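Lettered A, B, C, D and E in written order, each chain numbered from 1.
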Amino acid sequence: MNNTTTIPGIKKRFVPLKIFIVVLVFVGLGLFPFMSGNRFYISMINEMMIYGLLAMSLDVLLGYTGALSFMHNAYLGISAYVVGLFLIHISPASLWMACFAGIIFTSIVALPVGWVQVRTGGLAFALLTLAFGMMFHTIVWKWYDVTGGDDGLMGMPNPDITLFGWKLGSTGDPLAMYLFTLVIAAICFFLTRRIINSPFGAVLEAIRENEDRASFIGINVRRYKLLGWMLACLLAGISGALFILYKGYIGPSTMSAFAGAGVLMMVLLGGLGSLWGAFVGAAIFIYIQDYISTMTEHWEIFLGLVVIFLVLFLPTGFVGLGDHLKRFRKG
Amino acid sequence: MEKRNKILNIEGIQTYYGVSHVIQGLSMYVENQEAVSILGRNGVGKTTTLRTIMGLTPPRGGSIHINGVDTTKAPPHKISKLGVAYVPAERHIFPGLSVEENLMMAARPGKGKDPWTLEKVCDHFPVLADRTKQDGSTLSGGEQQMLAIGRALISNPEIIIMDEPSQGLSPLLVQMITDVVLKFCISSGITMLIVEQNYRMALKVASRHYLMGTKGKIVKIASTKELMEDPEIIQSHLSV
Amino acid sequence: AKPVKIGVLVPLTGIVAQGGLEMKYGIEMAAEEKGTVLGRPIELIVEDTRVKPPVAVTKAEKLVYKDDCKALIGVFSSGVGLALSKNIDKLNVPFVSTHVMTTKFYGLHPLVFRSGQLANDQTAVGNVKGILARPDLKDRTYYVIVHDYSWGHDAGERFIALAKENGIKVYNDTYDKAPIKTKDWSSYISKIKASGADGVYMAFITNVIPAFAKQTSDFGLQGKVKLVSAAAPGPLELEAGGEACHGIFGASDWAWDVDNANSNDWEMRFWKKFNTIPSDAAVHSYVGAMNLFNAIEKAGSTDAKAIADALRGISFDGPYGNVRISAKDNCMRNSAVLTETMAAPENPFGAKVYMKVLKTFTADELGPPE
Amino acid sequence: MAELLYTENLCRRFGGVMATNKVCFSVNDHGLTSIIGPNGAGKTTFINIVTGKIPASSGKIFFKGNDITNKPTHDLVKMGICRTFQINSIFEDLSVFENLRIAKQAKNGGSLRIFSSKQSLRTVTEETWELLEHLGLKDLAIRPAKNLAYGDQRVLEVAIAMAGNPKILFLDEPTAGMSPTETKHISKLIKELSKKICVVLVEHDMDMIMSISDKITVLQYGSTIAEGTPEEIRNNQQVREAYLGKEE
Amino acid sequence: MGGTIGIIVDISLNSLVLSGVFLIVAIGLNIIYGLSRIMNMGHGALYAVGAYTGYTLVATGFNYFVALVIAPIIVGGIGLLIERTIIAPMRKRSMVYTLILTYGLMFFLDGMIKYVWGNKPCFIDLPAFMQGTLSILGTQYPIFRLVTLFLIAGIMGGLMLFLNKTKVGLILRASSTIPEMVSCLGINMSYVHMGAFVLGCIMAAMAGIIAGPLTTIDPLMGSEMLISSFVVIVIGGLGSLRGAVLAALLIGFVQTLAEFFITDLAMVIVYVLMAVILAFMPRGILGEGKFE
């Protein structure tokens, strides 16, 4: 992640350890449902992974293109709707086709906002995303005939998860869904890591550092920023597909602007700029929110206090302790 | 001649940017109504020294006294109130404020019989007088420099510290600013500490010179006379 | 003995938090009065749904999988209710909704029940009958405005259809849909003024009704334009609105003005316990909870299917009088009252505005036929 | 010999001010042309227009005979028109190496490879090291750019522009704020560079300008008031009045 | 009831009132942002706190106009406390953290409101002379809404005078650009930040009390106003006060008209308008916005 000290020819020595830990966590998570039968925790971890994926894509967006978005959950929602609609109306068994359609459609819908993003950026864009989020929320809410309005999308079938003829199980089966989510999240994680260390990632980093200069070394800044945006929205699309397959339901409230701020909070809790931190952040946030809201009806007070406390005293997030901070954006 | 005292006295300051130790034990002083320059290569810590004096990057060790007051840990606005005015290298003209407003931001009543006022600044810098309503940030580099100096003067300071006032100015303007500095500041009894790359200008303005080596170490203190007589001094102390 | 755990899902934050709180009170009161089922204490575990379906589903999973709740009760909005129903196979516990008004709940799922507030079709019948019975209301033209979510749409549609059948004039067949967040109703009021309608049929979330009434009164329309409501206004909000809220007409399942021994007794118990004006949300949640507890007792076990079977056809003699959950479609056949808000007589709750009962409907009058 | 780049009556207006006024300027494919002029004469503005940072109000710019007026910056850079800024513009949080590597990469292509590693662009890496070596920045390679001393940052600023293998390089006051020693170092560098490519230099340091320029253009109030060799300019009365002042 | 002219009057006045409330909330937000580069997500909640405080004061017997003065002072005090305890330590940190911090603040304040005042909506009782309606060109318009218009105009006028005729205005504009230099001119930036935050909170509270009688006071009033005021300040250009005035008028009118004529899609229209404006005028309608 920390490119500032990358010297060609000198291998980063801590890499094998990191990979080892990541693989260990992966295997541990894979074995978890076989050790604990409690479906609540399986369900909760499943949700953490889905939101972790979403948070990771937001982390890429924030850390690499400098776009602060309060509406990232809207793309999760859009993808979920498309996947759901595809399965309900077009082909109840074509899981992969549905996911593909959802992800592609999400990227297309992401284009116009991305277009605005590359022209505004910064805080103005951040505030705008709140309103854009509300816009998508309102549209989904209003488009009764297609989306089911605030009732949400009903009647999702449970297709089988199959790959090259091999069948994992139905999406209605929590265990199969859990394993499916785990594998997809892991693949996305490694691919994203790969991407940010690629020449393409380097370009995004340069743009984040100094847009003006980037264009004066011959980078088409707007194009790359748009590509970065689309990439992040595509990842959000994947998380959306997982979301609806797992919940069997999607409604407008998942897309509200204030839920979007929650995703941002996950990123910061985990530590900005470290991809796996996003997963940790999502896990912590979901757990804390669930825990506090079960404890007291005045959970908002305590959640607020926890957030304030964490921002004040854990500036680099849980995994970023000691790590140097990626700056959100140059002034 | 009135008795001269050390209006600015720095002892063994240690300044850091984060973990990098930039000034490692710098001591220097400026006497009342004296003009002193700091000369040195890029990155030795001249700007940092000025910022430290101004309270913008407070030192972690050592002490600074201005007019006998300990300002080591004082914030910039307290230091400014002690009569220190700062002309940063970047000039820092407030964009969106007109020339007049830029000056008014700093204006402070003076004690002497002929204090600096808006009129007086405009008298001395006719270029500014023509442009009082113009947005300060659209002035050309040289005009901005004059505005920055004017802004320092209008607060009727006892000490002005200037960072590279000649940077980026055309030869004509360098001459003009040298004249202004020479004529107005020194003659009106303002103490000056000036950082310059343009040694010719520094020699014209200041009477005593600190030659700074890496990490803010003073490698030589010399008077203008010494340097004039032996230009090799600078060469030998400031090149690698 | 090990307690029987019941999961209570109510909104405690968000726009309907007040209603959610009252529901919680009703259910708590029922649990306390019932005390035990199957010789085991009843333990309620309350979770906040935030009126968000995904949150509600997650909370339901937590209640069932982690806390081992044997049944779910509560739920305010149709969206939440439907989302839970969608997941009920997975959860495999009976779910008694006490506040959902959508007609989609009829015969939705063997484990899903509705016992509580009037459903939209029932309210519409009550309101239309009520309007027809009043000479001063019968000939008015009604402007229909609803909160923009599925309950509102459903309520608006049902009223318009029924009104037309019965010759009541409706100004706008395509009723106005106001966002739930609407605080400033001035644009809508201007629209009503411009339309020349002299009646408004409104399907608003209960605690917003007084706000709307107050603003129409600010614009000098009180009395000139009659407000007919598809749901009972929240009693606390009515108090806050004061005189500006006089004259709201509408059918609902209960009001504390209902005068029978069961009801009067219940009111006082509620008042003593919570020191807050008893509302219909509290009553129907109370009744729903009682139905559930009685069904568990009747089933003799906490098995999901057994409880569901017991719930079908169960009846309860409470503040409403005797009401029954239909064995045919799992939904309650309610009795109802037609009310109008006005200055309250002397009363133990210190209320200044109350819903005066004008007429009572039996369950059979409102339908739907079994 | 055909001109590499020339402008025809280039104008730029800011409100009521003509910052650039009918400038006709031309350079050949190598050599060092300097632009001097009083503060606010429009030097930076001129560079900004030619390098595509701001659009021209009127007039045309030709590069190798093609009209390039108001083309986007990144296209101009790809053609070989690079620049430095009066105020440092570098990738502050990146290492010196990465600063140059990314510039090389942008030049050489391969930026759209999203699944391979940065190190896979071999030639980019090699060329970056060569450049670092050439400019004496090798020792600073892994330092974050923002921690460099000002002078080194100025060198880096030039280096980033050079990484794009420019055919024409615009330098906006590269030595501003530099000590005389470093100024000497960088002017040697510039002179060397100008033997291979076309360099356009904006400076206020007359000693430097006069000693290394092949040709000098003088701007005032946005217009060209003189053009010629250093010797001609030094003796031009108008230039002396407007810019140089009385020589001591 | 009321002819076409009456409808036009109705709509215009409704729009002005709505714009006015947007404006005062947005200006408060803009002042804090302009001076301290802090975007306060808790601003909406403070607006709600202001409204509730006003309600409590009126309910305990104070005159509405007295409450209009006292409640902002109380909320200003709360703002001071917030600034000193959690905002000040964040000053050096990047924007994104203050956004999240104040997001937490919003949760906290929203929760506190429910804890203190409960979930039920409240209404502010107005003095007798403000009740009733006035007949204007054939339409009955509530008197207090007209009074509200004058109040808003008064507050804005006072604020503009304060900012333009005192050095405070200069400091405000200068601090938003180069705070370091401002402190070198002898101005205590810490006080400036504090003052800005408190002033912003006072504006939020005033807006709350003004909006109270217009609408209902409920725990959610803040979050919706927050988004509207974000739209206003972004369309007006971040940090631009003149822009905010124009944007507030624009949004107020568009929203009211849309609610009147195409009720169903009113909010979608507002958001689309915003997107279109921003796409073509990224610095807001006056082009004065700051990029951060």
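Here is the rule we go by: contacts are C-beta pairs under 8 Å (C-beta built on N, C-alpha and C of every residue); 3 or more make two chains touch, one makes a residue touch a chain.
Fair warning: this is a prediction, and the values are worked out from it, not measured in the lab.
The minimal number of chain-to-chain contact steps leading from subunit C to subunit D is 2.
Traced through touching neighbours, the fewest hops from subunit B to subunit C number 2.
Common neighbours of subunit A and subunit C (chains touching each): E.
Chain pair with the larger contact count among B-D and C-E is C-E, by C-beta pairs in contact.
Ranked by how far their CA centres sit from the centre of subunit D, the chains are topped by C. Subunit D and subunit E have CA centres that are 48 Å apart.
Here the CA centre of subunit A is 52 Å from the CA centre of subunit B. Distance between chain centres (mean CA atoms), subunit A to subunit E: 33 Å. Subunit A and subunit D have CA centres that are 42 Å apart. Shown for subunit E are the residues that touch two or more other chains, namely 114, 264, 267. Of all residues in subunit B, none touches 2 or more other chains. In subunit C, 13, 148, 179 are the positions where the chain touches two or more neighbouring chains simultaneously.
Taken together, the chains touch in the following pairs: A-C, A-D, A-E, B-D, B-E, C-E. Interface residues of subunit A, counted against subunit C in their complex, comprise 38-41, 43-44, 47, 138, 141-142, 144, 149-152, 154-156, 172, 174, 247-251, 253-254, 290, 293-294, 297, 299-300.
Residue ranges on subunit B touching subunit D, taken from their complex, read 17, 20, 40-44, 89, 138-143, 164, 167-173, 175, 197, 199, 238-240. Residue ranges of subunit D in contact with subunit B, taken from their complex: 14, 36-41, 86, 147-152, 154, 173, 176-182, 204, 206, 242-246.
Listed in rising order, the residues of subunit B touching subunit E in the complex are 54, 56, 75-77, 80-81, 85-86, 88, 92, 94-97, 101, 104-106, 108, 151, 155. Residue ranges of subunit C in contact with subunit E, taken from their complex: 13-15, 17-18, 21, 148, 176-179, 181, 183-188, 190-191, 193-194, 196, 207-208, 210-211, 214-215, 218-220, 224, 234, 236-237, 240-242, 244.
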